[in-house]
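Next come the structures, one after another.
After this come two complexes, each holding subunit A, first together with subunit B and then together with subunit C.
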Partner chain A sequence: MTYSLSTREQLALIAVRAATGVEGVVGMHAQPGGVHTTQAGAERVGGVSVVAGHGEGFDVTLCLSALPVPLHPLAARVRSAVRSRAQIAGLSAAVGVVDVRFDAVVDSPSVARA
Partner chain B sequence: MIVLRAVVRLVTFVLLVVLALAGLAIALACIGTGENTLSLAWLAEQLRLADVRDEVGGFLDNLEGASPPALAILGGLGAVLLGVVLLVGLLVPARERLVTLETTGDGGRLSARRRPLGQIAGTLVEQVRGVTGASTKVRPGRRTGGRLRITADRTRTAPAKAVEQSSKEALAELTSAFKLRARVRSRLGESGARVQ
Partner chain C sequence: MEAGTTTSSSLAKTAPLASDKGKTSIADGVVTKVAGIAAREVPGVYALGGGASRALGSVTQRVGIGDERTQGVSVEVGEVEAAVDLTIVIEYGESIPQVAEQLRDNVSKRIENITGLKVTEVNVTVNDLHFPGDEQPAEDPRVA
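Right after this comes the complex of A and B.
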């Protein structure tokens, strides 16, 4: 039996891949209790929630761990990366509001992965 | 609010357990009839419900009298207060303690939790000359911004005013970006603390 991912699930994966590819982002910050976690097929994607927004698109919330860098430009780069990846995947119309929140700031990437 | 929620959860759990046990006892008592076997009459006898009825009746008579006992009034007020506390813990929604940095034109929010902001602020202040350590406390505002309280530990040779001024300057970029109102105070660091 095959299972194709829904638009919402695809967006969650795209958003996470885009965000973690941005320089300055150490990783996603999954919270206990499944808050801001999206189930995408068999994969449980932590640190992102994708919910239907007011318009036709889905609102994306990303919870990030970041290096101590200026957060304003970093958030702008994350948003831009998410939108451009979604566009490449043909899902640009499905992206609504992109919220970026910094849940942790770590000195080095290894600290976040520990 | 965290304490209230914990109290509500505990009280709810205890009440549900009590309710379940009471229901189980009544269900078991409904199996039989008569006074000596398992029955409702037997259960009432075991619980001395007749005595309880007499005691409560006497208490209620006193309460209706001209001067009700002070203990009863205090108990009543305590019960009302407990009810209000439980309702607040149950009904008031939990607010995520986030400091909002900006809201973009399309409604997207950039926000940060208190801890990373405090970490950044602490790191910035610890780079100030004469500071040996810093403790921070961030309180988010209702919509945007918030308050940042910093306590900087300084060496004996570092003047307090200079440390506080330099700390504010070090924090300026962060506080202006996040619309935080910074309050910095300094104190003498513990003996043995050294500037890194």
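Right after this comes the complex of A and C.
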């Protein structure tokens, strides 16, 4: 039996891949209790929640660990990367607001990935 | 909670910067960590935290739940401003007023640059002096 991902689930995966590809982002930061976690098929995607927004699209919240770099410009780059990836996937209309939450900073990427 | 660290946020839990494309929030722990890293960059600062918090911190670090970079750092974070309290151990011979001034400059600069928050105050408590040779010498191994 095959399971095709819903738009919401696809968006969660796209957002995480886009965010973690931005320089300065070290990884996703899973919240205690899995508040910002999305089940996408068999995959449990931590650090992201995608919910129906007030408009037509879905609102995305990303919880990130980052290097100690200016965080607001980094958040803007993350938003841009999410929208860009969604556009490539043909889901640009599905993206509403993209909230970025920095939950941790690490002073070297190797520490975060250990 | 990390040893020796208090992160009280009576004003707000996060510091949002809203735009029409989304909101950016920064957790208090991020501001604490940035302040701790910035404080350690200042020459003359030997360690952060009081005696008890450093002792407890060394235990929690050994079991992997503590982070010495946030020891002795307490922050209060509002929507657009932050206040920082630091408890430090200073190297003997350093000028306390000069080190405190450099701490204020560096911590404010780093927090403002990284988080965009305006730092309203950096309070510094010098808890102890460190003399060269204060470290416990490593014990010689009993076997070769």
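Criterion: the second predicted complex is superposed on the first by the 114 of 114 C-alpha atoms of A that agree within 3 Å, B and C clash if a C-alpha of one lies under 4 Å from a C-alpha of the other, contacts with A are read in each partner's own complex, and residues count from 1 in each chain.
The rule is simple: contacts are C-beta pairs under 8 Å (C-beta built on N, C-alpha and C of every residue); 3 or more make two chains touch, one makes a residue touch a chain.
Since we're looking at a predicted model, the values are computed, not measured.
Enquirer: Using the superposition on subunit A, tell me whether subunit B and subunit C clash or fit.
Expert: clash
Enquirer: Thinking of the overlay built on chain A, is A:L5 touched by subunit B (first), by subunit C (second), by both, or by neither?
Expert: Neither partner.
Enquirer: Can A:V100 be said to touch subunit B (first), subunit C (second), both, or neither?
Expert: both
Enquirer: So, A:I88: does it touch subunit B (first), subunit C (second), both, or neither?
Expert: Neither: A:I88 stays clear of subunit B and subunit C.
Enquirer: Of the two partner chains, subunit B (first) and subunit C (second), which one does A:V51 touch, if any: first, second, both, or neither?
Expert: neither
Enquirer: Touching A:P68, do we find subunit B (first), subunit C (second), both, or neither?
Expert: both
Enquirer: Using the superposition on A, tell me which residues of subunit A are in contact with subunit B and, in the other complex, with subunit C.
Expert: 68, 70-72, 75, 79, 97-105
Enquirer: Taking the complex as given, what residues does subunit C use to touch subunit A?
Expert: 14, 17, 21-27, 29-30, 33-34, 37, 69, 110, 113-116
Enquirer: Name, in rising order, each residue of subunit A that touches subunit B in their complex.
Expert: My answer: residues 66, 68, 70-72, 75, 79, 96-105.
Enquirer: So in the complex, the part of subunit B that touches subunit A is made up of which residues?
Expert: Listed in rising order, the residues are 98, 101-102, 104, 106-113, 115-116, 119-120, 123, 177.
Enquirer: Would you pull the subunit A residues touching subunit C in the complex into a rising list?
Expert: Listed in rising order, the residues are 60, 68-72, 75, 79, 97-105, 107.
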